[in-house]
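Each of the next two complexes has subunit A plus one other chain: subunit B in the first, subunit C in the second.
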Partner chain A sequence: MQKLGDFKLPHFFNYPPYFTLQPVKDTRQKQVQLWKELILDYCRTQKIFVIGLEDDFPLFSNSAIERSLSHEARDIFLSGLVSDGRAEWMDKGHKKCLILWLRIQDWADCILRFVKDNGLEDSVMTVEEIRSGIESRGTELHGMHRTVLMRALRMLEQKGKLAMFKGSSADDEGVKFSA
Partner chain B sequence: MAAGKWLPSAQLTSSGRPVLLPGEVECSTLSSVDLECEENSNFPNFKSGVLILTTHRILWIDETNNKGAASIPLGAVTHIFSLKKSIKAMFGKPKVRFQVSAAADGRVDEKGSTSIVITLVLRGKSDPDVFYSRFWEVWRSRSWEVLNIAGDSDSRLERSGGSMEGSSVVRMPVVGISGILRKEQELWESTDKSLQDAFQDLNALMSKAKEMVMLAEKMRLKLLSGSTSQANAANDDDTGSKQEMQDWLLSVGIVSPVTKESAGALYHQQLSRQLADFVKLPLEKAGGMIALIDVYCLFNRARGTELISPEDLIQACALWEKFDVPVMLRKFESGVMVIQNKSHSDEEVFARIKSLALRPNALWTGINPSDAATTLGIAPALAKEHLLTAESQGLLCRDISPEGFRFFINVFKDIEPNNIYLVKEHGIYGTWVSATTAPG
Partner chain C sequence: MRRRPGIGGLQTAAATRDQYRLVGENVARIKTDLMKEQLATFRSQLEDFARKHKNDIRKNPTFRSQFHEMCAKVGVDPLASNKGFWAELLGIGDFYYELGVQIVDICLATRSLNGGLINLQELCNLLCQKRKAARESVTEDDCLRAISKLKVLGSGFEVISVGKKKLVRSVPTELNKDHNEILDMAQGQGYVTVEEVKRRLSWSSGRAIDALETLLEEGLAMIDDGHKDGKRRYWFPCVSFVTTS
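After this line comes the complex of A and B, so read on.
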């Protein structure tokens, strides 16, 4: 089986029609489904949070069979993820897409688990520390996209699980976890 | 009868019919005609009589009074005036005026030295133009002169006073002023006549044409009323002759009035059957399906002359639904129209396409319209139609690349989105995977 880095690609990645937008409704439906799954899988394992449509996203082309997805196809598949709530467009021109291979809710749960596992109740941390500190190593939080993290934190804030505050330096915010 | 004084009298039979002279033929009969003379105030009232134009004379008969009739020998007519087409003339009754030789006392006389003008007022329902042209005709033909040569010189002698010798003199005397005048007139008249003749032919043609058109219209109406009031299972004879009539109407360029819901024009029916027969052989050669445009060319080429129009062709194909013919017209989504055998089944074609797409090299590189054309034995354009139809049925998937437009067997059906790494053992996906991951 082909690999993309250490990612195992499914067989149908080598099926030429996979890279051509199918006109027949039922066929198209299946094709879209398979692409959504593949994108999410790949992004999860590679911890990719943003896909730029015009970038050389490795999944979008297959040099072995000399095929690549058209811009239209990329837009359609990513829009499919957006409708499912598994992605968000970061701009009106659909140039960049934020991939939520974990939903914001799931991320929030991650954070809560992290707090519990590390006994961080009632303590304070910076946002940066959450995503790159020693504690987060080995967890999903490590290296996560700042925008996603902020969204998850705000969601938790609304639920009263923590409080956010501005830190001493301009670009770092702090979080106080509730007890 | 007072006529006798001014006009020669004419004999009548006991039933009031004129006694004709030898060789005299009646040409036209009009009723309600007045005969008038402008110059002669003493001229009697010839009102509303029957006017008979013969080859020799003009006869006026008073039907209420069977005491003879008046006549004007055509030989005495020196000039016929043209019909007035003025607005004034339109409101009045049509009048035919002509000049007649008369003696000094005003009496009509072929050898008279003066002339008077006689007017016929046509009060009846007659076509003045027709009478007028007939009048000219008979006057021109001078049938009475033949008679004069043959004999009856007695009557001539009588009129002229008896001193004329020899019946060999046929023409009017050409001496004297009247002679010159007469010559002039003859010249004028001959020119006029040829013009008149030309128009006469046209008129004759026009009236015939009118009759033909009226006839055609009557037939058309008859057909229309017949077809709506009769049930379809009508008398065979009737239907036969009706079909003949329709045929005839069509052949003179008149579209059949019978609607499409009934059998349709016989022409299209026959064409339809002829086409069904013709198309059998080309259809076989083309593998069971042939584009309509190709049939159009082949059929017309075979016909040589009497080419059919595209509309005729489509109508002929449309009629196949009504007959029991083994062929049918089919329209693809793309708009392409083909003729195919009724026995042709899409399933069979799909089966062949499927087996073609499952061949090892097809699994690697897919199939294109020309591959399909070769396998199916049909034209590439039609093969493409089949591939597209197969695609729409979910049998194939398209692959568009710089190398072109190709089709692969559809493997998506066999893949589960929740388990994208699973390859079912028995399935098209499995076949494809084994074929394409094998070395080589």
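After this line comes the complex of A and C, so read on.
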């Protein structure tokens, strides 16, 4: 089985026709589903948050079989993820896609768990600390994409679980977790 | 006996024939009784054998296949009915029934990938993987047996031969001779091009494209436009191993 680093690639990745958009409806449906699952899985294990359509994203081509996904195919698969609520386009031109291998709600739950596990109720942290501080090491929060983190924090703010405020430096925002 | 003319003679002849007939029937009846006795003995020995080797029959595919051969020679079909001695004792009916269900499962699960046509070898592989936990492996022979039982249920399952390979069809798609020839050709590299089909089968463009497009529509073929030579390839998942690595 082929591997991309540590990641085990599914069998269809080595079957040339999967790199061509299939015209028959049922076949196309299956193709899109397989690709969506693959992209999500890969991003989850590699902690990838953004895919640029024109980038050399490893899944977009397979040199072993000399095939690559056309721009149209890439767009269709990623748009599929967007429809499923597992991704968002970052621009109108569909050049960059934010991958939500965990939904915002799931990220919010992660943050709440993090707060509980570290006894951070009623304390303050900067946004940056949440994603790169010592406490977050070993958790899913570590290395999180800032945009995704901000969205999750905002969601929690609306639910009254924390309050956001601007820090003294222009750089960062702070978070006060509720008791 | 001296033949006597007249009515008396005829009556004697008739009586003689009757007597011979009676003797003949007796002989036949004795033979039949003997035969029945022998068969009964044989049957009980076969049953003993089956009882003793029940486990082997379940666990060992070679043994199982030989057992079937033996039964067939005597005209016994252990799968004939799900009730009765054989089914209860051996659970052989159950064994094949179970296999049949698993085969249906696999065919359904892979249908969207191969259009409802799967390589017998691949099916067998997937089955063995499924049964790894029970450590009861199966052979292609077992699969064919189970599928023939499925056929009896009218489930639309059929085994077709294409070239050297056997494919299991689980959809009602009828494949005509043209389709079969393309599938046969595809076994070489897993794909064909319109050009190749035309050249090797001496078909017109129309005929080749027609057949390929039908196979495409039925989900049995997938197109590949990615080769650097720019020629469209038609791939056939059923002749390769697309679901297992």
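Methods note: the second predicted complex is superposed on the first by the 179 of 179 C-alpha atoms of A that agree within 3 Å, B and C clash if a C-alpha of one lies under 4 Å from a C-alpha of the other, contacts with A are read in each partner's own complex, and residues count from 1 in each chain.
Going forward, a residue touches a chain if its C-beta (ideal position, glycine included) is under 8 Å from a C-beta of that chain, and two chains touch if they have at least 3 such contacts.
What you see is a predicted model, and the numbers here were worked out from it, not measured in a lab.
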item: Overlay on subunit A: subunit C relative to subunit B, clash or fit; value: clash
item: First (subunit B), second (subunit C), both or neither touched by A:Asn118; value: neither
item: Which of subunit B and subunit C A:Asp26 touches, first, second, both or neither; value: both
item: Touching partner for A:Arg67 - first (subunit B), second (subunit C), both, neither; value: both
item: Touched partner set for A:Leu38, first subunit B, second subunit C, both or neither; value: first
item: First (subunit B), second (subunit C), both or neither touched by A:Thr126; value: neither
item: Comparison of subunit B and subunit C by subunit A residues contacted; value: B
item: First (subunit B), second (subunit C), both or neither touched by A:Pro17; value: both
item: Set of subunit A residues, in rising order, touched by both subunit B and subunit C; value: 11-12, 15-17, 19-20, 22-24, 26-27, 30, 66-67
item: Parts of subunit C lying in touch with subunit A, wherever the complex brings them together; value: 112-113, 115, 191, 216-217, 219, 222-228, 233, 235, 237, 240-245
item: Footprint of subunit B on subunit A - complex, ascending; value: 8, 10-12, 14-17, 19-20, 22-24, 26-27, 30-31, 33-34, 36-38, 41, 66-67
item: Residues of subunit A that touch subunit C when the two form their complex; value: 1, 11-12, 15-20, 22-24, 26-27, 29-30, 66-68
item: Touch list for subunit B against partner subunit A, complex; value: 366, 391-392, 394, 397-401, 406, 408, 410-413, 415, 417-418, 420-421, 423, 429, 432-433, 436-437
